[in-house]
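My questions all concern the structure below.
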Amino acid sequence: MDIYILQIFNGISVSSIFMLAALGLAITFGLMKIINMAHGEFIMIGAYAAYIVQNFFTQYLPASFFNWYFFIAIPIAFLLAASIGWVLERIIICHLYGRALDSMLATWGVSIVLQQLARSIFGAPNVDVKSPNWLNGALLLSPGLQLPYKRLFIMGMVIICMLIIYYLMYCSNYGRKIRAVMQNRDMAASLGINTRKIDSYTFAFGSGLAGIAGCALTLLGSIGPTLGTGYIVNTFMVVVLGGVGSLWGTIAGGLLIGTGNTTLEFLTNTTSGKVLVFTLVILFLQWRPQGLFTVHSRSLDE
Amino acid sequence: MNTILEIKDLIISFDGFYAVNNVNTKINKGEIRFFIGPNGAGKTTLLDAICGRIKPQHGSIIFNNNKNVLHYAEHELVNIGIGRKFQVPSVFTSLSVYENMEISVVKNRGIFSAIFNNITKSQREKINTILELVDLFDYRYRKASELSHGQKQWLEIAMLLVQDLQLILLDEPVAGMGRKETTKTGELLQKIAAHCTVIVVEHDMQFVREYASMVTVLHEGAVLDEGSVNHIQNNPKVIDVYLGRGGENCA
Amino acid sequence: MLKIKNLQAYYGESIILKNIDLNVQEGRIVCLLGRNGVGKSTFLKSIMGMVCTPHGSICLENKELINEPTYTRARSGIGYVPQGRDIFPQMTVAENLRLGLEINNGIGKISPKIYELFPVLKEMLTRKGGNLSGGQQQQLAIARALVSHPKLLILDEPTEGIQPSIIQDIGKVILLLKKEGYTILIVEQYLEFILNIADDYYVMDKGEIIAQGLVSKMDKEEIQHKIAI
Amino acid sequence: MFVKKFIKAPANWTFLIIILSLLAAPLFLSVFRINLLGKFISYAILAIGIDLIWGYTGILSLGHGVFFGLGAYAMGMYLKLEAAHGKLPDFMSWSGLEHLPAIWAPFSNPLSLLFIIIIPALLAAVIGYLTFKNRIRGVYFSILSQALSLIFVVLFIGQQAYTGGTNGLTSFQTIFGLSLAADNTKYILYYASILFLILVYTYCRFIVNHRIGKILIAIRDGENRVRFSGYNPTIYKIFVYISSAAIAGIAGAIFVPQVGIISPAEMGIVPSIEMVIWVAIGGRGTLIGAVIGAILVNGLKSGISESFPEIWSYFLGLTFIVVVIFMPEGLVGLVKKYASHLFTWHNKKEKIIQKAPSIN
Amino acid sequence: MQIRFLRKMKKKTALAMAALFVSSAFLSGCAGTQASNSNNDKNTIKVGVLHSLSGTMAISEVSVKDAEMMAIDEINAKGGVLGKKIEVVTEDGASDPAVFAEKAKKLLQQDKVATVFGCWTSASRKAVLPVFENNHGLLWYPVQYEGMESSPNIFYTGAAPNQQIVPAVDWLLKNKGKKFFLIGSDYVFPRTANKIIKAELKAKGGTLVGEEYTPMGHTDYSTIINKIKNEKPDVVFNTLNGDSNVAFFKQLKDAGINTKDLITCSVSIAEEEVRGIGAGNMAGQLVSWNYYQTTDTPENKTFVKNYKAKYGQDRVTDDPIEAAYDAVYLWAAAVEKAGSTDVDKVKAAAKGLEFNAPEGKVKIEGENQHLWKTVRIGEVQADGSIKEVWSTPGPVRPDPYLKTYDWAKGLAN
């Protein structure tokens, strides 16, 4: 019995990781229609940010502080990824609005450069990010049923991130401006909104979310220059399956692909699980090309 | 029997909003029929339904007494004789004017014919005649993207003409045209009507007055009135919602 | 208040406006008449900086705007109600209204007067903008432009495609605004509507101003002929 | 008629020059470089196919590595069986197979080389039928095709006993009895590659010069208009997708004997995107641009990675960015523009209005 | 705006022209290098170093390249080989087998190098193997691998299965338990290794309770760990590669599995990888290799000291690094012995050649060109170092086809 409960937990946990990785994309791709192939590299930047913060703590601060480094690492990861995203938007992305397919190719170049940059700065081998002690261990429900704190923490982070995004997008001035710009750029500008500024902030925000995802992923996986490549197709599939431009879609897409992956992996094996999930997603999209949650948007259709 | 198109009990709704609500009308052969009405009255939606872009919830559209348009795929309509021009000129901008026509003139639209058959001499002559008609003959080797707005509109009309259609749907053909161009388009319409029936959605009342044989006024998805221009102009209800726009009474 | 000199405007490489001169004096309602497609909307867009304007000058209260981006123009006090209203369809009426405050950086409150002018909006605050009828959208668009108390209000065909009763309402609102000292520039092709509300008129054809004067002294027949639809 | 047309276009002249210089290349270059050039030619063939579907029809497929890989594997299976001399290929015995699997059996026959075209074409037909019929296009199609290449890579790696897993197929000895190691064979393969380049280019030129080419461009410019002109765009899209996939298969088959290996690494997402970028750099929608782009980019990649093995990825990445942003028409577009500046004295006024005035 | 647009266009074209220039310069550049690459000139001997410096495999291969460079520098500092300095041509395999093949051809045909040190993955080795055989080149391959191969043109300085996997399984069966769970990345080495292990388990009374493969770069092991928990094995034999190990061990620890209930033994994790995984996540787990940084020989002390001095105190040495280092010295010794860099002469001279490597004495087995190596099982310590817990009394004879093991009959065909 325990094994099945644990499997459900795993499914949700994997889903939460996909969601976290896809949230930033839901903004840059979903709202701005920029196919950012360098999204995975922003995840990587977030992971390295955690590494930098960790090293700072071990070198310059007393050991007792170490346990709390992660709370510093998350905002730093966000800020670092966001500022690099901002610069990128100002230099490169700004030329690519309305050229979705081109944006894909150009950001691919960006991704190559960022990977090599990471290799030059941090070296090719993986680096180690120690998780704080309070995240080690697991919530013991029964001897066979242990829910790792790290996974619970990531789930919590996803929920918090969603709430923040929801608040920002739907309850704040800033979000209103973003939505206005994305729905009707000219009209937004003639209401006094600086659309260029909104563009770059929005892209930076999306990149920053990827940074947070990267920071969280250090708890579970490796930290190296190619960290992001493993996530890129998955995250795109999450966004497309959910419906481009819909936050709910991203959640639903993440949940479907995540639980689908773990369930099929459990029933068959990892390779078949992966192949099956993607095949099913492709078939599903034949039936509903716009994804689960349809948002009427013109820019991607034609 | 000279009805070419009969619309029966047509209902189209999007998410509970009735864009077209129980429209009934008959269009006779050789007519130039205008659909007018304020924005959102359902004119373009109606055109979309006639050419198969939108599937209505209810009702039928009968072409030539026996063909229910709704049973055909969009690309099959040309074969039974219905063609459409869009509101925004949609010619193939990276092809030359002549190539645009070439694509339209061919009757066999299968892929093998497209690979192996070039157009025949008679088809070439036909293209030239029609290009002369719309004054684009001298531009035939230009890229369509280099044409002026009005010329693009004419090219699109020419592309319809060359297809030997029985019914042509035009969505705001004179929008964005100057008066001279508008007049020319109107004359063109009259020439076209000699061979086939034309349905036009238009705002420009002067244009409507000059060229319409019949006018259907749509309002909030339903037919408000139908008849000759004169008849329409004197209907107080029509004046109210459209022509007069009620300005006199303000203040 | 608004002085426009020698304005040219392009779409891509085609010239739409040739050397337009136009003045709007403070507290007056100015109307620009013209047929479909003569460049009226383009003219308003060029005031807002949405089209290419390589030549000319646009002065609002002696401040040159020609090189400013759209949002600074709006922020210097122009409230713009575009043709087709351009409501943000997926936002609620309240959100649409709040966006009007962006001209003041989103600070401030929506004065209750707005709801006095447009009582219908108050009932619909939580409805999605896209679900309103055309007339309601038009009212919302005007209200949105008014929440920031602009120095100059620009209306692009406020009567187009709108049912008569609401056109009357809008006409009343415009007159009310005039009483309060608002300066307004209206583009119309519908003569009857402006006869009762405007002070000055301009007539545009083919991207040029072909007639201008006081509405009170206007030869209605002649103008009607010029802008005949 | 066709010959006349062929001679007229400057693109074809350029192609002729490229072919002539490729033919003459063995006079100047070492066998190694010729071999390398042969690989680039296989890439050029692939790029022509991509240009047909992307440049002309506007469909961006990021899964062409799969078709390339399928063609290459078909060739590889044939070569592998030739090398095994009737025995079980080496990797199968490590993987525990005792008999030749049924899907391998036909490949002992040279006729099976037809599979190089048939398999990619069939796959393209199925996928194309589904996606195009359901009107999946633009970005959605690109992302789906990306998922496709991911699926195939995972599948090929997972079925080690049948595909050689990550190692792929390698250790070929002979092709039609000729030793692959011999210089002469390399020259023969090189010239065969050029022959196929000519064939594929001519095929695609034939397509784009005929009415179908115009219909493809029309689909790119306005699919709806095409539909209302009475054409069924789905069929045309499927056709061009199949053509492009078959061409990719041929390219893969040419690649294998010259490089000596095909592994899943050649069919993944990364190579698939790179293929598209060759076309972008050369100039899409020109065919000749695809040839130039593929040869130039790969030449650069080899050249720079030899000279600066540690930092060549920077060059690669930056080139992609610069080309996509600043030269959307690619090198060919650039040359065209300069050529028109040099050779024509068109007055500015001649440039006719591009966009419509606003519809008031 | 229009004017601005035109100005922009000019800038764009200027930029594009610059790009063109650069590219043509490079093209001519590589044609130029080709001309000068006639052969080893009088005072130097050219050797190739071929590893992935970019792509996913760069993680492991860069430090192996570093070790080779260090050995070459050391030899050059002592006067080189045959009185000539060694000149290195470095190439990037870019983690792509086809690129490896291309670069191998380039090194052999274009640069005419005397030998090549390189490769890591089986895929890259398999890709270059025909190139070396056809061009009669010489490759020194420094990584443990799945065996079943013995090319006359390759020297294998890493462990064959019987010098790593077979003794490890034997030891685990005796000391840790009979129930085995096999987990590996989905590629040739794990699949072949597991085939050997399964045969060995069958012969020696072990039981197999599970076997799982994950795609390269897989990052979520929760489901597999769940399966492991369910099967309750004594030993998880781990042949995962690269990044996946990090995810596996981090998640294994979180799942509340400790080394008392279940021990893992890994054959692809050395000190370098332990750093990436985090020593804390792996403390107490077992690994099997021929060399550790802690291996107690005088040669190793200087080797570790020099390596750290050259590349930084935070760097570590490990088995493949050491094997790569050995390879250069072995080649140099063979060349000195042969008095020539000719491949056949070097091969002949290499037969039976002995070398006091950091791992202790190694010897080239003439029959299959593998090394005699000492097998060591180690336990990962909390500080990231690996403590030897068991070792063979002396170097073990390499047996890539496992011909000397009865239970392995039929494995190699």
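To keep things simple, chains are lettered A, B, C, D and E as they appear, and every chain counts its residues starting from 1.
By our rule, a residue touches a chain if its C-beta (ideal position, glycine included) is under 8 Å from a C-beta of that chain, and two chains touch if they have at least 3 such contacts.
Only a predicted model underlies this, so the values are computations on that prediction, with no experimental measurement involved.
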item: Longest centre-to-centre distance from subunit A, chain (CA-based); value: B
item: Farthest chain relative to subunit C (centres taken as mean CA coordinates); value: E
item: Centre distance in Å when subunit A and subunit B are each reduced to the mean of their C-alpha atoms; value: 48
item: Whole-Å separation of chain centres (CA-atom averages), subunit C against subunit D; value: 54
item: Computed distance of Cα centres, subunit E from subunit B, in Å; value: 71
item: Centroid spacing, where centroids are CA-atom means, of subunit A and subunit E in whole angstrom; value: 33
item: Touching two or more other chains - residue numbers and ranges from subunit A; value: 115-116, 271, 274
item: Touching two or more other chains - residues of subunit B; value: 148-149, 175-176
item: Junction residues of subunit C - those touching two or more other chains; value: 13-14, 35-38
item: Complex contacts: residues of subunit D adjacent to subunit E; value: 29-33, 35-36, 39, 88, 91, 93-96, 154, 157-158, 160, 165-168, 170-172, 180-181, 259-263, 265-266, 296, 299-300, 302-307, 309-310, 312-313, 319, 322-323, 326-327, 331, 334, 337-338
item: Residue ranges of subunit A in contact with subunit D within the complex; value: 33, 35, 37, 92, 95-96, 99-102, 104-106, 108-113, 115-116, 120, 233, 236-237, 240, 271-272, 274-275, 278-279, 281-282, 285-287, 289, 300-302
item: Residues on subunit A engaged by subunit E in the complex (per definition of touch); value: 3, 6-7, 10, 13-14, 17, 115-116, 119, 123-131, 136-138, 140, 144, 146, 148-151, 217, 219-227, 229-230, 261-262, 265-266, 269-271, 274
item: Of all residues in subunit D, those that touch subunit B in their complex; value: 207, 210-212, 214-215, 217-218, 220-222, 224-233, 235-236, 239, 351-360
item: Complex interface listing, subunit E residues touching subunit A; value: 53-56, 58-63, 186, 212-215, 217-220, 222-224, 226-227, 229-230, 242-247, 250-251, 253-256, 272-273, 275-280
